[in-house]
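One structure is given below, encoded as structure tokens.
We just call them A, B, C and D in the order they show up, numbering each chain from 1.
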Amino acid sequence: MQTQTLERMESDVRTYSRSFPVVFTKAQNARLTDEDGREYIDFLAGAGTLNYGHNNPHIKQALVDYLASDGIVHGLDFWTAAKRDYLETLEEVILKPRGLEYKVHFPGPTGTNAVEAAIRLARVAKGRHNIVTFTNGFHGVTMGALATTGNRKFREATGGIPTQGASFLPFDGYMGEGTDTLDYFEKLLGDKSGGLDVPAAVIVETVQGEGGINVSGLEWLKRLEGICRAHDILLIVDDIQAGCGRTGKFFSFEHAGVTPDIVTNSKSLSGFGLPFAHVLMRPELDKWKPGQYNGTFRGFNLAFTTAAATLRKYWSDDTFERDVQRKGRVVADRFQKLAAWLTEQGIDASERGRGLMRGIDVGSGDIADKITAKAFENGLVIETSGQDGEVVKCLCPLTITDEDLLEGLDILEASAKQALS
Amino acid sequence: MQTQTLERMESDVRTYSRSFPVVFTKAQNARLTDEDGREYIDFLAGAGTLNYGHNNPHIKQALVDYLASDGIVHGLDFWTAAKRDYLETLEEVILKPRGLEYKVHFPGPTGTNAVEAAIRLARVAKGRHNIVTFTNGFHGVTMGALATTGNRKFREATGGIPTQGASFLPFDGYMGEGTDTLDYFEKLLGDKSGGLDVPAAVIVETVQGEGGINVSGLEWLKRLEGICRAHDILLIVDDIQAGCGRTGKFFSFEHAGVTPDIVTNSKSLSGFGLPFAHVLMRPELDKWKPGQYNGTFRGFNLAFTTAAATLRKYWSDDTFERDVQRKGRVVADRFQKLAAWLTEQGIDASERGRGLMRGIDVGSGDIADKITAKAFENGLVIETSGQDGEVVKCLCPLTITDEDLLEGLDILEASAKQALS
Amino acid sequence: MQTQTLERMESDVRTYSRSFPVVFTKAQNARLTDEDGREYIDFLAGAGTLNYGHNNPHIKQALVDYLASDGIVHGLDFWTAAKRDYLETLEEVILKPRGLEYKVHFPGPTGTNAVEAAIRLARVAKGRHNIVTFTNGFHGVTMGALATTGNRKFREATGGIPTQGASFLPFDGYMGEGTDTLDYFEKLLGDKSGGLDVPAAVIVETVQGEGGINVSGLEWLKRLEGICRAHDILLIVDDIQAGCGRTGKFFSFEHAGVTPDIVTNSKSLSGFGLPFAHVLMRPELDKWKPGQYNGTFRGFNLAFTTAAATLRKYWSDDTFERDVQRKGRVVADRFQKLAAWLTEQGIDASERGRGLMRGIDVGSGDIADKITAKAFENGLVIETSGQDGEVVKCLCPLTITDEDLLEGLDILEASAKQALS
Amino acid sequence: MQTQTLERMESDVRTYSRSFPVVFTKAQNARLTDEDGREYIDFLAGAGTLNYGHNNPHIKQALVDYLASDGIVHGLDFWTAAKRDYLETLEEVILKPRGLEYKVHFPGPTGTNAVEAAIRLARVAKGRHNIVTFTNGFHGVTMGALATTGNRKFREATGGIPTQGASFLPFDGYMGEGTDTLDYFEKLLGDKSGGLDVPAAVIVETVQGEGGINVSGLEWLKRLEGICRAHDILLIVDDIQAGCGRTGKFFSFEHAGVTPDIVTNSKSLSGFGLPFAHVLMRPELDKWKPGQYNGTFRGFNLAFTTAAATLRKYWSDDTFERDVQRKGRVVADRFQKLAAWLTEQGIDASERGRGLMRGIDVGSGDIADKITAKAFENGLVIETSGQDGEVVKCLCPLTITDEDLLEGLDILEASAKQALS
């Protein structure tokens, strides 16, 4: 494999090509192929962008048909038939059955654009500047979104511009089992000199992906919603990684029965790995005036097309979500066993997750790296997350075959045993 | 045309569908078709995103072939054959012939992501926080980029977070013909109490697109480069709208013979309207550590594929750029004549631009709106720009046929006359 | 008493003249006299600025003698005999006996100026921008200091500029008895994605005066010092209100046996109510370059003169501090009894404090206001503090006679009983 | 002279003791005496704080009498007889005769506190965050005020917190004689994408003291006021250095016939070198709620007392201001001659100023330093100002005797000739 040009010309900012230093050429569902023809099972899936697998043939067909028809590809925020079809499908297939009523804002087609739009809208709507975010939260790296992202790697690389406009509070479980971290939030809200500027909104991931598969309790989320309602604070669920079925429901907040005021979606939203993002908002929050937030690629019609095809194919009934939940239990079971084995080896390991968003916390980034490096040798692409990279994280395609899923799990287990023996 | 769902579900932030309230369905090169089958000549071209026309068949073929091969679509920042091919093509077709040596950073696939990355990199590289930007500059709306964008519509909609980290200076010509605005910059740099924090970088568009087709003089740009060199300040050219051949050269700064330290590209970079962006930087400026700036869609392989096909097709020799220059002269000539006619009607109008990035300043947004509204009735999609929308702006596809170009110009002229008689 | 001019011409920002709407004319030690000749016992003492009483004759004599000699009054930061005498006295009487070695920075003569200088110095010394501060902390209202002040009254009156550069953490006892709030700080420091930018310094009041006489535990302070040392973070003690003997030691941190890296002093520092402030810093932290922080009144020689006289008179041995401690026990005892009586009336009241910085928390601002309003009617000037004004706060002069102290306590007790019966 | 303690214990931030390395002990009007009994004529006068001379006997008497009466010294913002007397005197002696109606806010007793209060009030009153300030402006160094101060020495010593909330524009004359710098301001105000956030206020010194005795033209000030009125922007005159008679009128803006919305005063306001400051505001701008801006020393009654005595003594008729104007002409004449001599020596020198706020620009800080160092040897205390310290600045007491004034001018002239021969 020729990699000299890549090494010479691409910025040192590159990361994944350091963990997986091969040139990939093809992919199908949960399988990647490199230039030497070697196959890998993919438990990374574009960090949650490929919930429906690589080159999903059903979705690809919709895309190819659209291209063949000379449909609009790029249209700023023109009205197009593809956009209309997507909105209708979203309403019929997703929103109405869940009793949700949202308006839709298409910002630039990336998660960080959606987060910037969401928090800005919340500020405008409430006339307050502060946003509460949580320890280990990840919401993007452009300057507005970065204020809500906890990771020092990004926060310390701004070149001398401190972020502003957000306050961090402890996520569920952050201070251990005995502490309900929302007590602190509630105390601060009621305290006129606690230093917390009354926030316009809270932004939360129900399961923190980059932060280490930290799963918020359903009661905790419900209480968080209650606090927001009681204090006239908007609740933003950032469902960019946990949404689109990843946790076993289309929206990750469905498990808790909460109704966010604003939702951000991206990653798997297009169904095919195309850049796409949107912000859903309760209609009365649509305080935007024409053109107050824009972006060249805010109307990427190929993504409208694949996204609509995806919704129709996978979300018209509950077959798919039940299948995801089933596979989630398979992964949970195998991860618990592996965690138990690791614990026997003296490693303080534990499993956690929701649906097919699952991880094993092995306590240190070094151990996790050893396991994932060995897994890659053995044909499995899997990454770590968490503040120290201490969580081996499974984000396989939701459409993965049972055969590939089990083979991936077998590889992981064997790799762990090889790495740590 | 059914538009109820669009009107009900899309956020009020929408803009173009207010000027062009039809549902578009198909497009080919410089022609758009709406749902009723009506055709329009497109002088907007995705605000400069469709330099190679809608559904360019050559580029589409590359895309369809790639899809057929089950090539990687989404790969985070994996090494892929498509990325390697793009980098090699960029180097061979674009950089080497121009004597440029740059490393490439693929941030999120939008212009604002590229700008955020560029200015952050400049700050890190120089250890200073300030960025000099210019009146009427537009560089994106995420919070970091917004600091460098002059438009109040965006600046006043942040919900109470002032932007920070940038200082505005007058663009070329801002104070009229007799004043070289760089005198002020140079005086401030040499003044220890002038209030200008010594900048890490200057960011400039050689022709301001959103700002009103304001064309910087080639001597002014050269002097700007000299000032930057003399004061150890980086020169960033934001070539997102003016690049990719729009001004008659691949990079807009080629006209002036300057060599930026950092270049941002997006919009027409993919050649097909796909979201795509990159930052070019002198190799010694690549101060990124692995992963310090990221984004889910930073490796959109469909865009690598179409972008490489575009470079090979249009930039392997100078045929295309000479053709763009020729068409630019056609537009300039017709615009000058139209401006002269407008002046006869008592409207203080003038033509300006470079290559196929041209405008007629008609002095007021109201007049410009009347002309473009009439043009749309007559089958021409064309928008305005400038601080008050006072510039009718031609950004037709560079690949437009002479026939369509002339027809578009005819429509514009007739519309102006209808609107103002 | 004529108050029309005062009401008409003074800004509505005035506060104390609302609680005590009389015109004061004279004062001696702990007694204030109004224009009608009525006397009041003063348990407010300039919010801790008059630790040595009003018009202390010993200190006044030094001032009058200095004036008679035509000594320098205002000297920017000139060297003067008065400044030298103050520095020598500070070193001999205060620093050396306590084993402290500090350099001295005289910023503008107010507490907020000292805090701005202290946190800026910490940032420069450590190359980090963040300052950790605590819930209910008060450190001043100029924009730099305000970032570390918790009170919303000030934070919400900045006119649209959010503060930046500080993170709030829970003060000792904030989450109740079972929780050591430093656990949260320590966890955040060790967490690479917890959202806490590694701070340059922690700023803390050992007893929060404005915040409601919140007393930090001596073990908590010791642990805080340990955390700072372990993470290379500077410890700033803001001793503006709690210092100068108020808690029964010259520095409030002496009780805990900690040694701050930086100390801010003001309020009672001049001993006579003259504006005066300084920053003490470990010598190796003196990273200032000449003139990097200035202020017109940074060398107020009348204050040097009275401050030196004060140190010599009251701090050359431990007689004074033992007397303060004794009086503190008297107040504590009476406050506990009053709290007990209040509790019997169904009000959840409790006493707290250190030395002569003491309060009774009566649970609500309304009740506290009733008590202090009645007290004023009865001839006692006393104020409330705390986030809701729920703490009746005793900051009487440390030099108060036993007779006045007991009379003041009698009035307070009687007033509480009148107010709440 | 013993200076070891001073050198060891005082922070390296000290400045004036570097230029004038002696220990001063006494002072009377325009004469300073050092510990060795050497006398100096004082052309610095506390950087404009001692307009009425050192130890002015009339003012001192008022102070000593007040002390003898046990008057309130420190009273937070209590109503006192001294405060009432000051307000009445201000109204009768200063405001009414000038047709001005202002309310008065006493913030902390330093200039920077007054500026922070003034700009915060302007923001609250107008609901906008931006403040326009000018090149070479100096308004203080606490973080809020620092945003409006141009000097890099301070701006670069914040330890990584960029200032925010202000935009710099060129002061009168900044771009040379042919350019009216307000053209740029007016253009930016009318430009929706010029990058200038519509300001709440403009803050301006009519003569920039620290910035180098830059004198704004009276027409320019009048036009500035007009622009502010036309755009609903508040005009703040920072009269901290130029006010209190320094330019030959009590308020420096009287010369131009403008009426600021807000005025800041400090420095010579107390008349005796005591820390004192206030903000004057048109009554309808008093948007403060009780206690929204505070400070311990906001009611320094010794300063009320001396300030009232000063107003009565010097401002009850126009005798004093005519005398200041006369002396100003003397200095101007001598400075012009000295400038002419310097020009003959090949140094591009010029005189400028208003009233007794005058300077000679000698083109470089090195030359200015040589002259002032030699002057100090010869018994004259005089400092430099300007961005490079290139302006030798005369701020002698307004009460200086003609004899001392002429002797000081003689020394300066002789020193210049010695230094440059």
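Here, contacts are C-beta pairs under 8 Å (C-beta built on N, C-alpha and C of every residue); 3 or more make two chains touch, one makes a residue touch a chain.
Here's who's who by UniProt: A, B, C, D = Diaminobutyrate--2-oxoglutarate transaminase.
In this text, all values refer to a predicted model and were calculated from it rather than measured experimentally.
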Fewest hops from chain A to chain C - one hop per pair of touching chains: 1
Between the pairs B-D and A-D, the one where more C-beta pairs touch: B-D
Most distant chain from chain A, judged by the mean position of its C-alpha atoms: D
Intercentroid distance (Cα basis), chain D paired with chain A, Å: 57
Averaged-CA centre spacing for the pair chain D and chain C, given as whole angstrom: 31
CA centroid of chain B to CA centroid of chain D, Å: 48
Multi-chain contact sites of chain B, meaning residues that touch two or more partners: 129, 153, 160-162, 164-165
Of chain C, residues touching chain B in the complex: 160-162
Residue ranges of chain C in contact with chain D within the complex: 2-3, 5-6, 8-18, 20-28, 32, 35, 44, 46-47, 49-50, 54-55, 60, 63-64, 67, 69-81, 83-84, 87-88, 90-91, 103-106, 108-113, 116, 119-129, 140-145, 147, 153-154, 157-161, 164-165, 200, 240, 266-267, 272-275, 279, 281, 286, 288-297, 300, 302
Footprint of chain D on chain B - complex, ascending: 129-130, 133-138, 149-153, 155-156, 162, 164-165, 167-168, 170, 174-175, 179, 183-184, 187-188, 191-198, 210-211, 386-388
